[in-house]
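Could you have a look at this structure, given as structure tokens, before my questions?
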Amino acid sequence: MKHTWRRAVGGALTSLTGLAALLIVALLAVILLDALRGGAAHVTWRFLTEPPSDGMMGGGIFPALYGTAALTLLMTLAVMPVGVLTAVYLHEYAPPGSRLARAVRVAVVNLAGVPSIVFGLFGVGFFIHFVGGNLDRLLGYQELHWAQPGILWASLTLAVLTLPVVIVATEEALRAVPMEHRTASLALGATQSQTLARVVLPGALPGILTGAVLAISRGAGEVAPILFTGAAYFLPELPHSMNSQFMHLGYHSYVLATQSPDVEATRPLLYATVLVLLALTFALNLVAVLIRARTRRRAAAAH
Amino acid sequence: MDRQVSMQGQGVVGMAVVAPKLSSAARRRQLREKVIAGIITAMAFTGIAALVLILVFVAKEALALFLDAEARHEASLSKMFLPQVARAGRPATFVWQPVSSVPKVSMIPLFIGTLKTTLVSMVVAVPVGVAGALFAAEFAPRRLREVLKPTIELLAGVPSVVLGFFVLMVLASFMQDTFGVGSRLNALVAGLGLSLAIVPVIFTVTEDSLTAVPRSYREASLALGATPWETAWKVVLPAAAPGILAACVLGFGGAIGETMIVLMASGNAAIVSASLMDSARTLSATIAAEMGEVVVGSPHYSLLFFLGVELFVFTFLLNMLASTWTRRVLKRLSGAGA
Amino acid sequence: MKTFIASLTSLLLLVLPGTSQAGTLTVKGSDTLVILAQRWAEEFMKKNPATKLQVTGGGSGVGLSALINGTTDIAMSSRPIKDAENKQLSARSNAPATQIAVAKDGVTFYVNESNKLDALTAEQLRDIYLGDITNWKDVGGLDAPIVVYSRENSSGTYVFVKDHLLKGEDYTASAQTLPGTAAVVNAVAKEKNGIGYGGAAYAKGIKELKVLQGKEAIAPSEENIKSGKYPLSRELYFYLRAKPAGDAKAFLDFVLSPEGQALATKVGYFPVK
């Protein structure tokens, strides 16, 4: 009797926790459905390939797509080498118990926790004023040339922000490569760097790709770090140099939602922009999740 | 003569321990290896360098508050933390109004705003996240778990500006229609939006902690006659407790630092009140909203960077706490498990 | 893989040379002016395809700071430049700002469409925004708390209302600050007991309050604003670091031309002449 009662309570509580999990999934679905409902009709090929017109009440979002793509491309070029090599150090080169390795890990965990707006301040204080200012002085510019918001500084700021993502994903990928591959390579006479370049890194490539994809997804979605380091609302042309400002899907959504000239007229545009941003980050995250699931299964089999 | 003998002697001993002479190619390879290892080790410093640079350069811009006379007068520490008389003839209060003929720079309304929204988000996200993780780790069939985890990771991937948009457009109206609150954009609504942002972190870290508990714990408990639920509640959860606490601390840090959601959904009024239905102004949203307006080098500019330093220090301390607890749980479980 | 990365990098280097943005005119600042400035920019660029204009909002304070910092050519402002700002500008560019009035506007107070009130006196509006009156019944409405909406302190409209209505005193701390006039309109349209303010051009979906002076309720209409009868009418400005020359001059000539001023009327403002 008592056992039945305990089982019943257990069953009820299991359902409760199941409901909690369901709630999270349901909220995700609601957000998706709402964006779809409000914006799906408006996302046409023209919308994706035309610039905005009529004071942001018509036209499309091509410059924002281009700006987002250019920004994340630059960011990826900056973050991947540094992130992958740092993870390589942590997993392949660091002696066990190394103090440097421990310090790097602590730094990475903390970097992941820094608020995104503080990255924005860092971008202004370090990249724009310090690096940009000194660059201007060195190159002899009288007016502000590098010491102003631009796509280069915004992408470098985002690169620092996504560094932990790349490091963690790469470490996971390196762990998935079986130790036997490394030892076999070394036994055949390869040096550590040769093993790294020809055996380990190729084997870890899917996981490294996950890191890149997740970093791109963060870069496309984060708005706070680019508010003052280069994003703009209305530009007549696409960014064409390293110190150009750029339009950005996330920033555009924010401005349309809070500062649009005619709330009713821009509502479909706003929803469509948000839908495109959501679809983009979703697709990227889905790809990352799929690669990661495959890598985890391979790691479990290898160890 | 003696010298020759001793050198010979040395030579004999030396030969026994000296490595075979390297060919020039081998020596070049060793050099190349050393260089590569050096470069990679140097790369590792960038992570540390980035963190240090962030602190240094954000603090540097805030330093003027303590060095420049005008800034020190406008924004002294007492003005930031003690009540000041805002309107002639009225009692001293805490007011944040930095753009004014007499700037008012009290941090208290901002702290209270940050605290209110963060507290709401924790009250909602912790039970839901931990319960959901418990379900996923202990009770869900394996296939359901393999679908659930990635789905929640997808929620983690939703940009915060989209969450803020959703709260601004849909949730705020829903709350107002259902509960008839005074201000449509308030601390409660912003807190709910924040909980959407931090639930994935709490879920993922809790789930990782729960799955790290060795199977032997569960098997022993079940063997002694406990039901699966009793096992989960009395054995697994306590074992993973430090990790779950770490998850909560990470969620807390994430909520404090989150910017876009509160910027769009909290109403941004720097009110000192206990009511959740009042608008609130958080530290992060203040920086985002006012940074565009400042003139570089002005006291207001330094003040905003000072807010950034405060945010950095809070989240740094929270992260260190979470790391300590995670390490403790891993040590305990790996030491005891078999 | 290597060739892919190499080709991508070379594409990037082709596409993003490190040259400066020659020939782009930056216009930055007031959200009140930004929609009008965008229209002006669009029309001007159609006629002069060689010149590029870049228009961003952010608030009058943002524009003037950018002018001082040197990151914009023209600052749009819905309020006159402050003495302190002018001093900072002179310190950095050896001359005070050049001010050019480009349009007229009337700051309108909005309430929800369901609100029965049509007009309030300037004193009542002042007391509401100072936090001295907190219930609609104190000004002749229903018994409900007044939900006060305002702008961020970077807004010129914020400063204008502060100087001209609040006589320099601070807004009530419980005023919810929103980042743009459109956000204020949106909020008031959704909030039965809300009150907000903004440029006349934005008033859609809400009710505009008339200002009661004695027995007369003055509406923010075109004639009242042009004649100056509406008490909260103001000029909107473009500020530059020096007298306009080159591209800036061509743009300003267009803005002040009959065609440019007609565009202002179309967008919802009033010509400056």
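Order as written gives the chain letters A, B and C; numbering starts at 1 within each chain.
Methods note: a contact is a pair of C-beta atoms (placed from the backbone, for glycine too) under 8 Å apart; a residue touches a chain by one contact, two chains touch by 3 or more.
All values derive from a computational prediction rather than experimental measurement.
The busiest chain interface, judged by C-beta pairs in contact, is A-B. Among the remaining chains, the Cα-based centre furthest from that of chain A is the centre of C. Distance from the chain A centre to the chain C centre is 34 Å, each centre being the mean of its Cα atoms.
Centre to centre, using the average C-alpha position, chain A and chain B are separated by 16 Å. Chain contacts: chain B has residues 263, 292, 296 touching two or more partner chains. Each of residues 69, 178-179 in chain C touches at least two other chains. Shared interface positions of chain A, i.e. residues touching 2 or more other chains, are given as 257-258. Those residues of chain C that touch chain A in the complex are listed here as 8-9, 12, 15-21, 24, 31, 34-35, 38-39, 41-42, 45, 52-57, 69-71, 178-183, 185-186, 189, 201-202, 204-205, 267.
Remark: chain C residues 58-59, 61-62, 65, 68-69, 85, 88, 145, 147, 152-154, 159, 168-171, 173-179, 187, 190-191, 193 touch chain B in the complex.
Touching chain A in their complex are the following residues of chain B: 29, 32-33, 36-37, 39-41, 43-48, 50-51, 53-54, 57-58, 60-61, 127-129, 131-132, 134-136, 139-140, 146, 148, 150-166, 168-170, 196, 199-200, 203, 227-230, 233, 250, 253-254, 256-260, 263-264, 284, 287-288, 291-292, 296, 304-305, 308, 311-312, 315-316, 318-320, 322-323. If you check the complex, the residues on chain B that touch chain C are 86-87, 93, 95-101, 104, 109, 172-173, 176, 182-185, 263, 267-272, 278-279, 281, 289-290, 292-296.
Taken in their complex, chain A has these residues touching chain B: 3, 6-7, 9-11, 13-14, 16-18, 20-21, 23-25, 27-28, 30-31, 34-35, 38, 81-82, 85-86, 88-90, 92-94, 100-101, 103-104, 106-122, 124-126, 129-130, 160, 163-164, 167, 191-193, 214, 217, 220-224, 227-228, 250-251, 253-254, 257-258, 270, 274, 277-278, 281-282, 284-286, 289, 293.
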